[in-house]
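Note that the chains take the letters A, B, C and D in the order they are written out, and that residue 1 is the start of every chain.
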Amino acid sequence: MQDIKAIIASRVAKEFRDGDTVNLGIGVPTMAADFIPEGVDIMLQSENGLLGLGPASACGEEQFDLVNAGGAYVTATPGAAFFDSVMSFGIIRGGHVDVTVLGAMEVDETGNLANWCIPDKFVPGMGGAMDLVVGAKKVIIAMQHTNKGKHKLLKKCTLPLTAVGVVHMIITEMGVLEITEEGFFLTEINPDYTIEQIRAATGAEIKVSSSLKDMTV
Amino acid sequence: MKKKIVTAEQAVECIGDGAVIMVGGFASIGTPEELIDALVKKGSKDLTIISCDAGRAGLGVGKLLRNGQVKKLIASHVGLNTEVAYRTPDQPEIYHVEYVLVPQGTLAECIRAAGCGLGGILTPVGLGTAVAEGKETVRVKGKEYLLEEPFSADFALIRGAIADHAGNVIYNMTARNFNTVMATAAEHVILCAEEIVEIGAIDPNHVMTPALFIDSIVGGVKPCRI
Amino acid sequence: MQDIKAIIASRVAKEFRDGDTVNLGIGVPTMAADFIPEGVDIMLQSENGLLGLGPASACGEEQFDLVNAGGAYVTATPGAAFFDSVMSFGIIRGGHVDVTVLGAMEVDETGNLANWCIPDKFVPGMGGAMDLVVGAKKVIIAMQHTNKGKHKLLKKCTLPLTAVGVVHMIITEMGVLEITEEGFFLTEINPDYTIEQIRAATGAEIKVSSSLKDMTV
Amino acid sequence: MKKKIVTAEQAVECIGDGAVIMVGGFASIGTPEELIDALVKKGSKDLTIISCDAGRAGLGVGKLLRNGQVKKLIASHVGLNTEVAYRTPDQPEIYHVEYVLVPQGTLAECIRAAGCGLGGILTPVGLGTAVAEGKETVRVKGKEYLLEEPFSADFALIRGAIADHAGNVIYNMTARNFNTVMATAAEHVILCAEEIVEIGAIDPNHVMTPALFIDSIVGGVKPCRI
């Protein structure tokens, strides 16, 4: 399991360009920070009011007023800036975040995203997710390809939407898919899987790139 | 222009049943715990709370929820409060609350709109989702936006790191979050701060909430440990 | 002339209540700061980004980055705060300024105000005036009663409006008038003038308060 | 994440004819004079300038006006520039500019709207005046508001007191004014600052414009004397 998460996080990190401002969701997306390639210098934005998010705090060295958007104690990098929630979401909604990486419950072939609520079961709220996926220049979904075998990549989302037509790219342990006008488009494949396995694990049609590459992790 | 330094109990004395209250903080950081404790002690009921989140189970707004004082919670994310995130009909003390979930940027911006005299905001966030249900949309330059109405309150309970006797406030790191904007959008703003300093001790360039927004000050609160 | 201005400014200062946040326009309104009564402690807001505006800078002690909204070097009082124009006008439009005092070219009996433009002659722009008179809780016009004999208090403004129905009170060298549903209402009179003189100097009807007082300066 | 420190001439090299440019400052305080000087030297024409004011005669935006580089000026108050305030048809070099006058709060807020992704603002300011002509109004909760559209720009020329090599900015006193918000609303933001310091030298709590908004930095500009 840890391996699967590391594969996804490692591939996500290859999407970052030097100088990018990036917002990483809780879980696998946050792990991407551990895989940033040499020579790529990015600033992590945390929607609770920080640009220049650093690694988790060492035990015993927590600063009581410094957490990430998941409420965990973190550090700030040199050159960081703190601001309030209004400025933070001004940055997000205003298109100043280059890449946001989030998990999902469902993504459909038109780029619709559902990741904030399972009615009557688990309703944690959208937090900053709706703002992030509408505002960020590039929206990457990083997640396991299925939920214990149940399809998450669908023809049409069934859960309440987070936003309409916002997803650009999905990175799973099986490969990399882009959302195009023709739906899911497989551009990279993890050599541990076959195209047929990916098709079986996906609830919608998949077009395969004629220049399909091995997934770089 | 000194302001009255009061105890937490004195500060919340004016908060009656049915009040609409903004509570600062994000994931319990920057939350005015001492003011919430005093409000729990006072026991005001049927409160409408506007807050980024639901605190944690038994922390922050979570205390008011546990104590059955909340009628309605307007928030963005309640997942860190396990009692609320997994709420089910067999947990009446939690479930009898009306939850209104709002995108976090919209929440911040609608509070700001109330504080700065705008009639609402035009945001692309929430279009095509449950958030947009029943709401007006406005087209500007061919693009559609959701019209979200301002959020104002009777009271704001906020927390700072340092305040002077005039009410100028400095926040520390990520504890700033919703505290600044909530100070602008409530009729009566109660600030608690870790340290109270003399007027003139804060560099006017570094003030994050100017004194005019603050109505009463509770000093000497403890650093918040989650 | 200096006397007339001082009379107006002195009377304006009596409208301030302890704890008020006040914004004073350029000219006579600014002079009101010199007449604030003992025991009344107010904070002056300057729309270029300052709460806690102090007196003009002593010559040779100017701070190059500290001016008032008229562009003149000033000081800041202890407990002052600086902020940007967005916050400054958030304070103004949001109703957080208790009193604003401005000059006028024309005021009419419905509280309409014209003070930003004489078409084809002098068009300096409205600056912050439109925001101030719409946003402040109380709008006081401080000015000479006429423009060298020409009426400024009118039945209906003739110049382009600054705002509709916003003026609460007019303080001139002749007296104090309030805007009511019935139009101009004279509540105080400078004993150097008669009611008939004030009527002659006003381009609209004036109701006189049954408890008309001498103007306190 | 160091940013390139450039000369004023290098910084404005990318500004071509017809560009839309925001210029910070209020009454010449906080105005990036060195960047304007470089722009005068470069001579780009047909510029649309968005600025709080028109500078003073021969200062700030006043230099660009004098030099005939401005096609349109969107501003709130031009009275401190005597050449502009008393403009008449017999002063062609001044008069051939199209002036759009905007309430100062609306100007600030509409720049902010562009910077933070809102579709416009709903303000009570300007209703019933010439400002409202030809504009849409929107009713919210029975009250009428003017819908004002966002102002964005190709370039913002701003001035700070201290900046670090990453681009975090501190402004001094009333020089903050429009500089902060303009940094959020232009495609390319050029900052000039009096002092450039190493990354880490600025307390992250005191940053007024976070580094991500700044594209290039010109250091060592002189304090502004009116």
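Definition applied: a contact is a pair of C-beta atoms (placed from the backbone, for glycine too) under 8 Å apart; a residue touches a chain by one contact, two chains touch by 3 or more.
These figures come from a predicted structure and were not determined experimentally.
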Neighbouring chains common to chain A and chain D, by label: B
Of B-C and C-D, whichever chain pair has more C-beta contact pairs: C-D
Centroid spacing, where centroids are CA-atom means, of chain B and chain C in whole angstrom: 35
Chain centre separation (chain C, chain D; CA means) in Å: 29
Geometric centre distance via CA averages, chain C-chain A, whole Å: 55
Approximate Å spacing (C-alpha centroids) for the pair chain B, chain D: 33
Chain B: positions in contact with at least two other chains: 109, 112, 116-118, 123-124, 171-173, 204-205
Residues of chain A engaged with two or more neighbouring chains: 50, 76, 82-83, 89-90, 92-93, 134-135
Chain contact graph, described as a line, ring, star, complete graph or other shape: other
All touching chain pairs, where touch follows the definition stated at the start: A-B, A-D, B-C, B-D, C-D
Partner chain D, residues of chain A touching it in the complex: 19, 21, 41-43, 45, 50-52, 76, 78-83, 87, 89-96, 134-135
Complex contacts: residues of chain D adjacent to chain A: 1, 112, 114-118, 164-166, 168, 184, 199-200, 204-205, 207, 210-213
Chain B-touching residues of chain D, taken from the complex the two chains share: 109, 113, 116-124, 138, 140-141, 143, 145, 147, 149, 170-173, 204-206
Contact footprint of chain C on chain D as seen in their complex: 26-30, 52-53, 56, 75-80, 85-87, 99, 101, 103-106, 108-109, 112, 123-131, 161, 171-181, 208, 223-226
Chain A to chain B touching residues, read off their complex: 46-50, 63-67, 69-71, 73, 76, 82-86, 88-90, 92-93, 117, 122-131, 134-135, 160-164
